[in-house]
Amino acid sequence: MSESTSPDRKAQYSFSDDYSEGAHPLLLKAIFASNYTQEVGYGGDTYCELARQRIRTHLGRDDVGVFFVPSGTSANAISIAACLRPHEAVIAASSGHIVTRETGAVEASGHKIINATPCNGKLTPEIISKTLDENWHFPHMAKPRMVYISNATEFGTVYAKEELRAIKDLCEKKNLLLFLDGARIGTALSSKMNDMTLHDILELTDIFWIGGTKNGALLGEAVVVKDASLASEFEFYVKQHGSLLAKGRVVGAQFAELFRENLYFELAQRATLAAEKLSCGITDAGFPLYVATETNQVFAVLPLSLIEKLQERFSFYVWEKYGNDQAVVRLLTTWATHEREIEAFTGVVKGWNNSNQVRARL
Amino acid sequence: MSESTSPDRKAQYSFSDDYSEGAHPLLLKAIFASNYTQEVGYGGDTYCELARQRIRTHLGRDDVGVFFVPSGTSANAISIAACLRPHEAVIAASSGHIVTRETGAVEASGHKIINATPCNGKLTPEIISKTLDENWHFPHMAKPRMVYISNATEFGTVYAKEELRAIKDLCEKKNLLLFLDGARIGTALSSKMNDMTLHDILELTDIFWIGGTKNGALLGEAVVVKDASLASEFEFYVKQHGSLLAKGRVVGAQFAELFRENLYFELAQRATLAAEKLSCGITDAGFPLYVATETNQVFAVLPLSLIEKLQERFSFYVWEKYGNDQAVVRLLTTWATHEREIEAFTGVVKGWNNSNQVRARL
Amino acid sequence: MSESTSPDRKAQYSFSDDYSEGAHPLLLKAIFASNYTQEVGYGGDTYCELARQRIRTHLGRDDVGVFFVPSGTSANAISIAACLRPHEAVIAASSGHIVTRETGAVEASGHKIINATPCNGKLTPEIISKTLDENWHFPHMAKPRMVYISNATEFGTVYAKEELRAIKDLCEKKNLLLFLDGARIGTALSSKMNDMTLHDILELTDIFWIGGTKNGALLGEAVVVKDASLASEFEFYVKQHGSLLAKGRVVGAQFAELFRENLYFELAQRATLAAEKLSCGITDAGFPLYVATETNQVFAVLPLSLIEKLQERFSFYVWEKYGNDQAVVRLLTTWATHEREIEAFTGVVKGWNNSNQVRARL
Amino acid sequence: MSESTSPDRKAQYSFSDDYSEGAHPLLLKAIFASNYTQEVGYGGDTYCELARQRIRTHLGRDDVGVFFVPSGTSANAISIAACLRPHEAVIAASSGHIVTRETGAVEASGHKIINATPCNGKLTPEIISKTLDENWHFPHMAKPRMVYISNATEFGTVYAKEELRAIKDLCEKKNLLLFLDGARIGTALSSKMNDMTLHDILELTDIFWIGGTKNGALLGEAVVVKDASLASEFEFYVKQHGSLLAKGRVVGAQFAELFRENLYFELAQRATLAAEKLSCGITDAGFPLYVATETNQVFAVLPLSLIEKLQERFSFYVWEKYGNDQAVVRLLTTWATHEREIEAFTGVVKGWNNSNQVRARL
């Protein structure tokens, strides 16, 4: 996901990631509307309070802690540091964001991440049990105490309710905390494969977060903490990690708008439908997917020559080589993805295929 | 500086801190203007690049690293972690922000802070030398490797050029890095007592940062790194601390505007003049200052009964008791402070005094 | 305590510290006796088990955890890391060993040490309360959660039972853990000023350790953990810090011998009596003490010229200048200190004084 | 390596590990001989100095730093913390001791361990290159900066000189430090497969350590630091980790004896020959090895019923199931392993086999 090394945007339309856009206009408007009053600093403002109340309403519980942080890496590092003792470790998929894209932030807070090989980006009770069986030799091994999962996963796949419940049941039996990275919880809950609500997520995890940055916000994630005693101390961790913004309203106002009614889910829905359209366009043209498209991430296997042609007009991430003359590409869509750009992209794909078939026929 | 426990704003006008306001309108406008294009993530966008160039122009050097982070605590913790080896310590005034207001963020990254008793919130070569003399017993003591100072200080005082140069000279002689916390560098450079430019700050320190949050921005600070090899790795630290924002434009656009011409200094100038007016109003009424007013912080000694009366209409921080029936109060002003509120505040102060003198005469 | 930079021992007898000697012969014998059997590693051996049982007998409680570590710094760093959450801080005297002689080991595990100015090296409820009053501004300050004291202190002074009880009462009222560094608990309990037993120490603290290295052992300290759930996990911390010795018997055998009967206290008694004799010799000669001699540390104020003369035959630590022509010296005694060396030392002191008085008379 | 949970030694002879024995008699004698003089503390004693000189003589270089620490975990954690910046990671085999047996000590100092799948417990340039190819996405991934290898490995295998040189060459090309865990360097250099000297190890690594605990010492490892500036600061790290023993002589005296002539290698030789004999006894009886026996570790595949029978008289580690009715067992030998116990063990193995063949024949 080489965002920082992506090609120049000027000539190209980007399917590289879900944060190349700015904020959704309504969120920008909310920031504007919140700007001209004096407010208490560090999250004590009326907008953060309103956002907390509305999120609690969507969660169907008013007794949970809600804390705003500026980034996904801070949400993960803070949550894990807040939950674990120094000798405790977190189990994560080897494809998990804390393993592959956070510069060792979890280890920097002193904790080992025990990698497990996932299935379609997901963990299962079997995978977790196997990992526990390999990490029993105490006190010479770090003690597994938490399971980290992402929904949607880094491959865009989602957990079904029964899958999540099965993991939660195992965690309770094994005295493990279940932490869910919700950077893309919006698209996960808008997936055709999804059968859960935010309330289900709350009930089936110990701590999780709701991602704003990848779903229309300029910045900000909301960490939801169920345990009352942890919640009572959580703000210390947010501050210690440099993530307690003095002008909390900048995040509070956006979340207050996202959860005023259903904007959060409407934006995610748009991203997911755009991905579906893009995905179908590619498969209709006869090219296979690397992973089934369930949310706003499309992983397709395309010929290198086609990829090269597409790169003239579009930027996206070439994930990995696939055989000699093909590669897996990752295409991301968002609430802001233009219909016409999807058509332009799939047009090139189909055109290339036809011309090739013609060539093949000759 | 009990921001998080400040009284309700509704009934009161706040002189509590310099982040109770939102963003300056021009910065909000800049955020708007940057919103509707696709940009490269994680600081690779055109606005961060523009902001870096403009800051370098104001610094008078184009070979320095400039990195944007969301908060002052992240700016301090990241800079110190990036500069020190695990056994190295930082010397700071016991009143320094890293000592008193950052929840042990520096220690959380593994480093000892050696406290030194400041003079008017400032360190001097004598104070630093004394501290070194008390921390020589190696390898049984952490090795002093950095000096942390704030300009303006936590008491609103500023360093004169010759004071800073004297500290820098000592640091070079003793192989110490000099790090300057610039949360309020704007007001410092707008002080009557100031004789430095941003270029001087750059030349006389090893690493420092320019505060946005306390000078008109919604969020964001700019860390300036002189050392080329440190700069080449600095982004790793920003990311590891959860401070590398995916949509860097939200900070980049604001700094690009702050340093397009002189807005950054104009806003600071307003805050400093407002403080001067407030300060004079108090001293004219016959009440002493606790520390001379040099920037946007006023520390005054007022009777408890007057403080009570003022709190009916204004919120501010009661710093500490002073004798039996007085206390030190801290009043902060900003670019947004209303003239009429200053007049209202000083009006109450003068009124209280007269009525008392009358009473005293009877 | 410039051990590592002490002058050459060949020509001199050392009063520099309490670890210049090897092990007491009986402990060496115990190591020898334990050597020729196979034992379970990592503290599972019969000697560690025996030592734990005997220590528990001396403590008068058999339900406490006892853990052996190689050094005082590891005992302190491990105990503090095991008790605190990342945002929690420990209050310590500015003269405390964790502040002045452990190379930032506590900070290296992420925790802030809040320094308090002690009285004769000791903390008091008043000092602790004042420190709490200055560290209330949450979540912007690290949360005081533990009080660290040393008995004997770094100045050789000891806590009376009522002093310790008063601190413990405050700690319970303020939800603070009380941790006692017992590097010199032996000499503390052998002091004339002492009115406590090991059982009292156990009852009046939450966690403490019994120092072996400074009381006859080749190496090793025994950490006593009262809290059952902490004790059940404590070995993880010992291992993680690299302090779980594979051949635990080397420490276990020594502690089993030290606590078989009363050897531990007999050795401490000898050290304390030797210090008393040395101290009286100095005061008899008309020189003042810097701190009253209560255990095996003598702090005396001597003329620089006398110090120079003494350094011809003895090594000791020159603590700090005292006026223009005097300095405070620190002299340590142990179970192994030779009577004749004390007499030789005091002989020089008295001789110098007489000769000077003669000179004065002429 | 379930040392801490090994069965009761009384009834059984242990092949469980290489630290069930005490110290070799000559080392115990050396400790005795060092005991009755006053010495400078913290490694400044004459015995540590002598040990350093003798180790340097064996290394063939007198300009390297040599530092003594009490345990292998401290040797690894200290060396890695001393070499890496916070955002830098170490590449290690997934079977490496720092991954599987040190309770997250490396992560506790803030560093990510990037696991690589080894070949016979060893890393190769190909494995390291592949790992680098998967960890390039900067600054979003921790930066690989060090390669950790063990010689002998955790499977008892050893590196040939050309294998180590190939790794070192790659490390230099990729700007990686090469760190060698020498807990069993003695048996490695005494292996039939070995073609290196201590001097070669020094030349082909950046930092490594010589294990005492697993080769006859009561405790202690010697870390060898080539880089002069790192060596000049290394003692700070040793102290900060609680590993700078006040009475350094206890380790110094042992290493001075181990390297006075060739005792260190003679002891290792004995352990390796004992393993060879044990290994041959098992293969002669017709049972396969899991890994070829190259040093003092024997990994054999035995029927569960035979394992049960052997456990009546011997303790050893059952590594993992192997098919339905077999398991891999790990048997360790040392300088102290009794000939007759090897014969007794192999006697049971051969006896079981014959009786079974008889049964099979009937």
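Order as written gives the chain letters A, B, C and D; numbering starts at 1 within each chain.
Here is the rule we use: a residue touches a chain if its C-beta (ideal position, glycine included) is under 8 Å from a C-beta of that chain, and two chains touch if they have at least 3 such contacts.
The structure presented is a predicted model; accordingly, all values stated were derived computationally and were not measured.
Undergrad: If you check the contacts of chain A and chain B, which chains show up for both?
TA: C, D
Undergrad: Given the two chain pairs A-C and B-C, which is bridged by the higher number of C-beta pairs in contact?
TA: If we tally the C-beta pairs in contact for A-C and B-C, the bigger total goes to B-C.
Undergrad: Just grab the chain with the largest centre-to-centre distance to chain A, centres being mean Cα coordinates.
TA: C
Undergrad: Just the number, please: Cα centre separation of chain A and chain C in whole Å.
TA: So the centre of chain A lies 52 Å away from the centre of chain C.
Undergrad: Taking the mean of the C-alpha atoms as each chain's centre, how many Å separate chain C from chain D?
TA: Computed value for the inter-centroid distance: 35 Å.
Undergrad: Averaged over CA atoms, how far is the centre of chain B from the centre of chain C? Could you give it in whole Å?
TA: Their C-alpha centroids are separated by 42 Å.
Undergrad: Multi-chain contacts only, two chains or more: what residues does chain A have there?
TA: 4, 42, 86-87, 102-104, 108-110, 138-140, 142, 236, 239-240, 244, in rising order.
Undergrad: Can you name the residues of chain C that touch chain D in the complex?
TA: Residues in contact with chain D: 3-4, 6, 9, 13-14, 17, 19-23, 25, 28, 31-32, 34-44, 69-78, 102-105, 108-109, 213-214, 218-219, 236, 239-247, 249-250.
Undergrad: Would you tell me which residues of chain D are touching chain B in their complex?
TA: 42, 81-82, 85-87, 109-110, 138-140, 142-143, 233, 235-240, 244
Undergrad: If we count contacts the way the header does, which residues on chain A are in touch with chain D in the complex?
TA: Residues 1-2, 4, 86-87, 89, 100-104, 107-113, 115, 137-142 of chain A touch chain D in their complex.
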